[in-house]
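Listed after this line are the structures, all set down as structure tokens.
Paired with subunit B in one complex and with subunit C in the other, subunit A is shared by the two complexes that follow.
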Partner chain A sequence: MATFILAFVVGMTYGGLVRKITARVHNRIGPPFYQNFIDAFKLYSKTSAIHHGAMHFMGPAFLMVSSIVSLMIVPVLIPGGDSWYNSWFNNMNAGGDLVFLIYIMVFGSLGLALGAGQTGNPNSSIGVTRGLSQMVGFEIPWVMALVALMISYKTTSIVDFINIQQETGKWLMFENPFAFIAAVLAMLGMFRYSPFDIVGAPSELASGPVSENGGKFLFTMMSSGSVFSFVKLTLFVDLFMGGAENLVILVIKTFALYMIPVLYGIVSPRYRTEQAVRFFWGWPTFIGLLAILYAVIF
Partner chain B sequence: MYNDKNSQKIVDIIQNWARKHSIWVLAYGTGCGAIEIAPTMTSRYDAERLGIRGAATPRQADVLLVTGYLTVKTVKRVVRVYEQMQSPKYIIGFGSCTINGGMYYDSYNTINLLDKYIPVDVYINGCMPRPEAVIQGFVKLQQLIAEGKANGAQKYLDNLAEYKANQAKIAPHWIAKAPDYNW
Partner chain C sequence: MDMLTLILVIFLGGAIVTWIGNKLNPVIGDLLFLAAVIVPSGMFFTGVGVDSTTTINALGLTLTWGLSPLSYLFSLVVVGLGILLAIYSVPFMKGNERTGAFYFNFILSIGSMLGILVSKDWVSFFIFWEIMTWSSYLMVIINGKDVQKVGIKYFVFSAIGAYAMLMAMVVMNSQLGSFMLADTFNNFQHMSAGYQILIPLLLLLAFGVKSALMPLHVWAPGAYSNAPMAFTSVFSGALSKMGIYGMVLVMITMVNQLPNGSIIRDVVAWLGGFTAAAATLWAITQDDGKKLLAWSSVGQMGYIVVGVAIGTPLAMLAALFLVVVHAMFKGSLFMVVGAIEKQTGTTDFREVNGLIRKMPWTFISALLSIIALAGIPPLAGFVSKWMLYEALIQNNNYILVILLFFASTAGFLYSYKFLHGYFLGQEEPEWDHVKEAPIGMIVPMLLLALGTFVLGTYPQLLFKPIDAALQYVGYTTTGGSLWADSVLFSQWGDVVMLQPILYAIIAVFVFFVIFLWFKGKKNTRYVSTKDISTSGEIPKEWENLTFKVNFFQPFERAIEPFLKRQIDKYYTAFGNGLEALFEFSRRVYTGNGQTYAIYAVLFLALLLLFKSNLFG
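Here is the complex of A and B:
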């Protein structure tokens, strides 16, 4: 529970900060950093007098379930650390497994795809098609990077990766740099900021899969998106940056990592779907291949 | 349920505060006024600092911004869009054309007063209103929301027969056949 509240608050605050940073880059003042909380509360207090059938209700629920399950198996802090609040964030640390995580991270999008399909809105269907195509693109370098790590250290447990980094004192982003680069390039697609915001393109697709969802549906999607972005950032910190001893270090590391897709996104226009897939199957996949070779040879 | 100042509970005050600071706008930009939306939203006048932000679809929107004149043909679409929005929902009539027809006052196929067909909460006059005036209109709407006086959606439900009759006068065949979006 503590983990969920932490993920929600940090994720929403990051969302607000991103809007503020985007505004500053545009030379605007921008909304306050807590704007996302206001938006979420307002969405929750709106009526939702629509329904398009059972799957429409299940879509946001699948998203939320996927976010929470992946949150539960990603260690937030280094297990067995000595901070006084460390035991609050234990989750299911010992059971954290990368192969299961790769599966469960895709589950939410598939659930949303089913939910969006039933609304019958053509924009939703196009958005889902684009999202799944893009996922086929970025999953390949992402899985290659993870497989490289698994080959190097002969384990799939996230806790083991943290412990290895703690014992040797070297971050995996320097031990296997190719894997880190491939994973970061895949992360650009994972966070769906420009130029990979082809799924929810606001003016082109009318926000894509979420176009028929207002009020509480949108609230659920928004909060699960915030939680999920926290999960992804924490996973990157755990795998490549040696985990976090306490919450302050966690926030610093995740925020630094989050700025990569955000700042790249602010100054980029949008790709078309086939351009995005071609991007991911180009250099990121090649670097992922190098990472595996590096892991096998060294 | 009318949301008067006198009967506002603490929950209403908090909710209205959130609504006031998070206004998602669906711009119905078929009139000439749409050209003023871009400077209002972008760097020069930056409406996002007040929490005003564009929404992509009627489902997500709070405010319907009707920019400029409406022909008999487009007013049908406005009604349909308005009925798809989720309450609490507000309408801002933008420009003289929504108030008295503006320069199209004697045209054979434009409507003169928007409030006869859908309930307007705030009017912004001018032809065209500049972005300052647009932001002033939004601030006025924020005040009304905070005081619990922006009850257009409830007014529409209470006087549905009257509004439908007015709509039927200009589009008799369409109203009879229209699917009921008013959940």
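Here is the complex of A and C:
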């Protein structure tokens, strides 16, 4: 439970900070950094006048399930670390969970797709098809990076990866740099900032899958999005940057990592879907192959 | 006559009796059909014990039938699907004028598949294999459409496989002197080295055709879509598994004994992986639900073949688990397509849409089956896929892991296309009259779909039969629990680790649905899909905002270089080349009686001229 509150608060704050940073880069003032909380509260307190059927309710619920279950699997802090609040954040991570995590991360978007489908809005369906196509694109380098790590250390458990990094004292980012680069390039697709934001292109598609959802639906989607961003960042930190002993270090590391897609995205135009997919199957896949070769040889 | 013989006789005789009964009166035909399928199935489950053998002497041949633990596992699939589909077929074929032929071929297919599974000698194996082939061929062409393109293609490929098997059988008999399966497997080393490689390859060809392994898959999309949907569930659920049954036998007993057997296994594994990826990509481009599911079946068989070919205990466990699970969700999905076809008259995505509120039970079955197909936890598809990935990683087949992951992720695309195509999207007035399918069709669908849910929560239900089957073919297990290898279970002993997570998923899901629905339930009213906010405009009734055509056009553009290359083109080119050869031989064999008369006269003249040389 504490993990969920942490993820929610941190995720929303990051969202607000990103809006501020984006605005400053664009030479505007931008909303305050706690704007996302205000938005969430406003959305929560509104009632939707209409709904489009049972699936419309289940869509955001699926999305939330995916975020929360991923949160339960990813270790937030290093287990057994030496901060007084460590045991609050213990969650259910058992062996073999990297594969499980990859699947549960996709479950949410499929559920959202179903919910959006029932509304009948063609923009939602177009957004979903673009999102799924792009996902096929970035999954390849992402899976290659993960497989490279699995080859080197013969384990699929995230906790094991953290322990290995603690023991050797070196971050996996430097042990297998190709895997890290491939994973970061895949991460650009995962976060859906430019140039891969054609999924929810606001002026083209009315935000794609989230159109037709207001009030509590949008609140659920927004919170789920923030929690999910936090989960992805924490996963990266655990795998490549040595985990985090306490919350301060966690915040610093995840924020530093988050700046990569955000800053790159602020100044980038948008790729079309087939350009995005072809991009991911080009250089990132090649670097992923290098990562696997590197893991096999060394 | 003992139980097994009686069961097979009822199947074979029941086919004829049902056909006659259907000619007399459709209702009698329906009742006889149900009896002909359900009675022997019930007898099979209660009366036949594992390892009981029967011997029949007929026509100078000795046929031996008996059930082995491996056959028992596959027979669960065959007979289970048979019963459920028999119940489904009766309302499905109502009013169809080819019902008699359908019943005849259906009963024969189920009976012959059971016969294949209980055959302990190659002769009866071949006999039942051929009965299965031609009864399914008759099913494919039952409506008389596309006999040339689809039916003959299926038959030719099956015949190639069957004759390869016949050749292997005859060679084995001449070398080892016996037709019994056990003898040929045990004495495999006594054959000469050349034969030791030839026999498995021939048998793999035969079984590869049936399980639609690339490049032998070209018959599958057409055949699966042309057969009536009630039969296609059996076709892709059970019939293709006969190929897997044979492959398991060949791989474990023969290929493992070859010194270079690992080469064959690697090649087959790569073919399987390539099948999975390529078939998935083709499925994404299809616009007809039947073809999409057909290509998806080919892809899923690729997964199973990878598991069988890798051969470690965990991989075999994953493959056999996927055999059962695939039969369940594919059977259910083809039944969904059949229900939609019956209620709306078409299965094209571009024509049908918005059926979710009109056919809710069909939608629920389709949703559960698609979630199982995509391999999403907590349903059973995920359990099998996870074990397969684990087995591949343990065995260091990393590129295959990536290929299969790619296939799984691309699988999400056609899963969404299937669901969106039939059930979601705009609801058009022309489909307002559609009602839910009759209850006889809904119950089997739902049972299969819920079965995947049950298996996902309690996979150990299936592990005991699989364990027995694997021990029978020679795997030894550590302490009797084969699944201890998998990380799914070893952490928590016998309890599936997934269970707490499953409860958490359900709890969170229910909580959020209630959270979203409860507060505003008095104030939130249902509106149709015409009342949407497309940038502030409300679409009129006559505006059709359905998005179906070119559904995945960006993705298809991205994979266009791949789509240009089809193996079918090679086969067609080969066929055209043969036709040119036949055209040439038409010059000699003209079909004209007078030409043949001239040939006879010329031949006699030659004989007379060279009489002295020939006859001294």
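Brief remarks follow.
Assume the second predicted complex is superposed on the first by the 294 of 298 C-alpha atoms of A that agree within 3 Å, B and C clash if a C-alpha of one lies under 4 Å from a C-alpha of the other, contacts with A are read in each partner's own complex, and residues count from 1 in each chain.
Note that in this section a contact is a pair of C-beta atoms (placed from the backbone, for glycine too) under 8 Å apart; a residue touches a chain by one contact, two chains touch by 3 or more.
Computed from a predicted structure; not experimentally measured.
With both structures placed on the common chain, the touch criterion links A:K42 to subunit B but leaves subunit C unconnected.
Look at A:V277: by the touch rule set out above, it reaches subunit C but stays clear of subunit B. When the shared chain is aligned, subunit B comes close enough to touch A:L218, but subunit C does not. Of the two partner chains placed by the overlay, only subunit B lies in contact with A:S207; subunit C stays clear of it. The partner that reaches more residues of subunit A, of the two candidates subunit B and subunit C, is C.
Applying the stated contact rule after C-alpha superposition, one finds that A:P177 touches neither subunit B nor subunit C.
Touch criterion met: A:R28 reaches subunit B, while subunit C stays clear of it.
In the superposition on chain A, contact of A:F57 is made with subunit C only, not with subunit B. In the superposition on chain A, A:R19 makes contact with subunit B only, while subunit C stays out of contact range. Within subunit A, the residues touched by subunit B in the first complex and by subunit C in the second are 47-50, 123, 206, 211-212, 215.
Against subunit A, the residues of subunit C that register as touching in their complex are 354, 356-357, 367, 371, 374-377, 382, 386, 389-390, 393, 396, 398-399, 401-402, 405-406, 409-410, 412-413, 415-416, 419-420, 423-427, 487-488, 491-492, 497, 500-501, 504-505, 508-509, 512-513, 515-517, 519-520, 523-535, 545-547, 551-552, 554-555, 557-558. For subunit A in complex with subunit B, the residues that touch the partner chain are 19, 23, 26-31, 35, 38-39, 41-42, 45-50, 123, 202-203, 206-207, 210-215, 218. The residues of subunit B lying in touch with subunit A in their complex are 14-15, 18-19, 21-22, 24, 42-43, 46, 48-49, 51, 53-54, 56-62, 85-88, 183. The part of subunit A that touches subunit C in the complex is made up of residues 47-53, 55, 57-58, 60-62, 64-65, 68-69, 72-73, 92, 94-96, 99-100, 102-104, 106-107, 110, 113-114, 117-123, 125-126, 128-130, 132-133, 135-137, 139-140, 143-144, 147, 150-151, 156, 206, 211-212, 215-217, 220, 272-274, 277-278, 281, 292, 296.
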